[in-house]
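Note that the chains take the letters A, B and C in the order they are written out, and that residue 1 is the start of every chain.
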Amino acid sequence: MNSEAGEGARPRRTIDVVNASLKRRYAKERRFRRLGATAVALGLAFVVLLFADIILKGYTAFQQTYIQIPVSFPAEAIDPEGTRDPEVIGDANYMAFIREGLRGLFPEVTQRRDKRQLKGLISVGAAQLVRERVLADPSLIGSTQALWILADDDIDMLVKGHIDRHAPEGARRVSDQVIGWVDRLEAQGRVAKRFNTIFFTHGTSREPELAGIAGALMGSFYTLLLTLILSFPIGVGAAIYLEEFAPKNRWTDLIEVNINNLAAVPSIVFGLLGLAVFIGFFGVPRSTPLVAALVLTLMTLPTVIISSRAALKSVPPSIREAALGVGASPLQTQLHHVLPLAMPGMLTGTILGMAQALGETAPLLMIGMIAFIVDIPGGFTDSATVLPVQIFLWADSPERGFVERTSAAIIVLLAFLFVMNLAAVLLRRRFERRW
Amino acid sequence: MTEPSHPGKTPADLTAGHTVRRYDRELAKLRGIILTMGDHVVEQTRAAVAAVVEREETQAFRVLDREPQVDYLSLDADEEAFRVIIRHQPTAVDLRIVLALSKIAAELERAGDKAARIARQALELAQPGRGADLLAEDLQVVFRILDDEVCCMLERSLHAVRDFDVAQAVEIFESEPELQDAAASLRQRFCQGSQDGLIPHQSVCLLTSAHALERIGNHASNIAEQVVYVALGQDVRYRNREILIETLRHHGY
Amino acid sequence: MSTMAEVIEPTAGTISAADLASSQHSRATVGDVTVADPRMTCRGVDVWYGAKQAIKGVSLDIGKHEVVSMIGPSGCGKSTFLRCLNRMNDTIDGCRVTGSIKLDDVDIYDAGLDPVPLRAQVGMVFQKPNPFPKSIYENIAYGPRIHGLTNNKAELDDLVETSLRKAGLWEEVKDRLDQPGTGLSGGQQQRLCIARTIAVSPEVILMDEPCSALDPIATAIIEELIDELREHYSIAIVTHSMQQAARVSQRTAYFHLGDLIEVGETNDIFTNPKHKLTEDYITGRFG
């Protein structure tokens, strides 16, 4: 007893104190780790949810319903003189041939109202597609072909099961009669879902089955290309000048503060600026990739400059000293040594800026990119729209067919972003050097 | 420079002031060994001379017994000097201190040998049937004068070593003529003939003792030279003494 | 008598209060700053970083075929002074240099003088080995290439080999010239940097603590190299290692708070420094 009391009276050794608190410290650490893991898991769950939602909604858009109809191309109606002149061939009324074939499948339909409904099975764009086919292969003229004809978006939705057959007839877009026809066609094996090439080769359209993202994709491509061409050299140049050459005084401080502030300016402001300056003052044609690129360049420049400066700062000064020490001029030092080392960082920053520009909608709305443009742009000065704006437009459309197309467009946009980020990573790898 | 320094006035401890305080301690320890050695040598010299003058055999034996102590101390001093060199790579004044103390240890060791030699002469003198029992009164006096002179120089040189004090060193240089005078008068005394009843063997022993004693005084001078080397960084060995003394005095030492 | 008078000239200007108070003014340097055969002559060099004076009226010659070492506590201005000699200080904002620094009678701070060719004449080796992140060959070839020192590939190959040989690195790297210079060991990297410097055939080589990042064996190899290079070049070396200064240099300059306190033969400085501050520093009594 006595000896124990003596032990207790002795001042505690540091290690005892440490051991006593050790348990608490480890518990704290475990809690912190669990908290972190939870946060990450939550984030991942949301991402998975988002992707799952988009993909589930959108994947059906990559398929399109076609109806097989025997279509005859009477030579006397298409090309009576047998000249095979494309203009003559193009002028023929192909819709009439398709309707003819369709009526052949449903000989019992005679009523005018039913005929119109029957006609509604087929997309209004079907005639154009058939015309193109015949133009590509004039030997079809005079023959009868079992052609797969693009179905109307309502039929598409019905086949994909997006229309509830048990709903009262008035509440759905297709009548019982049409459902009956479609079922009959399906039983005959005349309905098929095929890969939706139209989605990738056509511009937008009022008709969901004819709407594609090619226009928006090309618009985005031209816009981004021009933005890259403009913002990368300007941004890197500005960064190099500010970081390496500019004297450090009140003016450069002011510029630095402004660049940092500019990065935080809401993007719509850049749109207003573009509208006022580029379109209003310089007369750049509106809703073109050119003006969009100018506006997006303004918007991404701060990002590019800031990340480029950070990349330059991360280049060890010893490399500059080494180059100057062997007699390289300041510009040679930058071009031969600093820039190659800073390049991965600059590229990363630029591609992040590009990704931001790719997803940007608001400023483009201000400069007319919201216009409904069916044609696929062929250059920087053609009217165009871009992916996010297209998504915005489709999301706003009432047709059921646009819902899945919106999601599909989002998938394409995300894929685009993914490819860009992948490119960034690969470029980094390629340029990265040890020092 | 308003106040030029006068290092001669109150010399600071040259071994002190290192950032690494252990360096201070090790240098001080080395110097302590040297000073202990010096004290031993002074004691030995006094005892040996007393043995010669007073014919005390026991004193002589004691001197011979204690002689290895000085040798061992000199080994210690060398070891300590090596240690300082290895640990601290001394430079400038520290380097001079280590080198000089090492040399001073050698000087003291040789001075200790000389004291032993005097003691051995005392034993020779004391062997029975070798003429007069005691030295003549006046011979004793001259011997004592030389002894005092030598021991005074030696002690002063040790003081000089303690503070690396140039002023003390200069005084040693100044007292060299007195040493020479005392030694000369002793030799003179022998040249006058052996009316004291000394047999030639005894005379040789006494002369050898006197010579050894004078050499101890020379060792003291050498120690003083090393002190000047430490304090001023100039090797003053083999220089004209008068000019040296004059120059040092001129600089206020 | 005259020798004696010089001989006993007392050690130490001890530092007095008045001296400290007037430290804005330059202190007179103890020892002879001139040499018989100077490559560079510096007279009354002041360096200002903004309002702060980093170097106060330093005068110092760097002779041909000699190694001058500069020692002193951190912040004493020795590196700053070294960087004046090839105008590396130009890259620092707010750095102002007055006084005259001449390389072979040409004032290097002359308004019309281009620092770029100057740096080819006065090469520099830095504290941390800093090879370019390129191949060993490119590291050496870069300088000659930008200055147009060679006419064709064969000449350039020769120059690369000679430079590497002079730096004692050829045997170690001749089989892997196309490999990155950053893959070498620290000591090899530093020798690569020295080879890179001598590839542009400078007259003076400045070394800013070239061995401070190296192990003792690599240091010894560099020191041996410095001794060999002395035949062809003037070398000024800043070092924190007093032993190194003692080993490699013929003359040593001690800097303290921007003043050049003392210059002298290295042997004299390390056995019998004249100034109290020098002695305190080299004997480890500083601070």
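Points worth noting:
Just so it is clear, contacts are C-beta pairs under 8 Å (C-beta built on N, C-alpha and C of every residue); 3 or more make two chains touch, one makes a residue touch a chain.
For reference, the UniProt names are A = Phosphate transport system permease protein PstA; B = Phosphate signaling complex protein PhoU; C = Phosphate ABC transporter ATP-binding protein.
All of these numbers come straight from a predicted model, not from anything done at the bench.
Chain contacts here run in a simple line, from one end chain through to the other with no loop closing. Most remote from chain C, judged by the distance between CA-atom centroids, is A.
Among the chains present, the centre nearest to the common Cα mean is that of C. Averaging C-alpha coordinates per chain places the centre of chain A 60 Å away from that of chain C. Between chain B and chain C the centroid-to-centroid distance comes to 48 Å (mean Cα coordinates, whole Å). Separating the CA-averaged centres of chain A and chain B is a span of 101 Å.
Within chain C, not a single residue touches two or more of the remaining chains. Looking at the complex, you find that chain C touches chain B at residues 1, 4-5, 7-8, 10-14, 16, 18-19, 242-243, 246, 269-273, 276, 278-280, 282-287.
Chain C contributes residues 86, 88, 91, 93, 116-120, 123-126, 128, 130-133, 142-143, 146-147, 180, 182, 193, 196-197, 199-200 to its touches with chain A in the complex. Those residues of chain A lying in contact with chain C across their complex are 247-248, 316, 318-329, 332, 336-337, 341, 433-435. Of all the residues in chain B, the ones that touch chain C in their complex are 1-5, 7, 17-20, 23, 88-96, 232-234, 239, 243-244, 247-248, 251.
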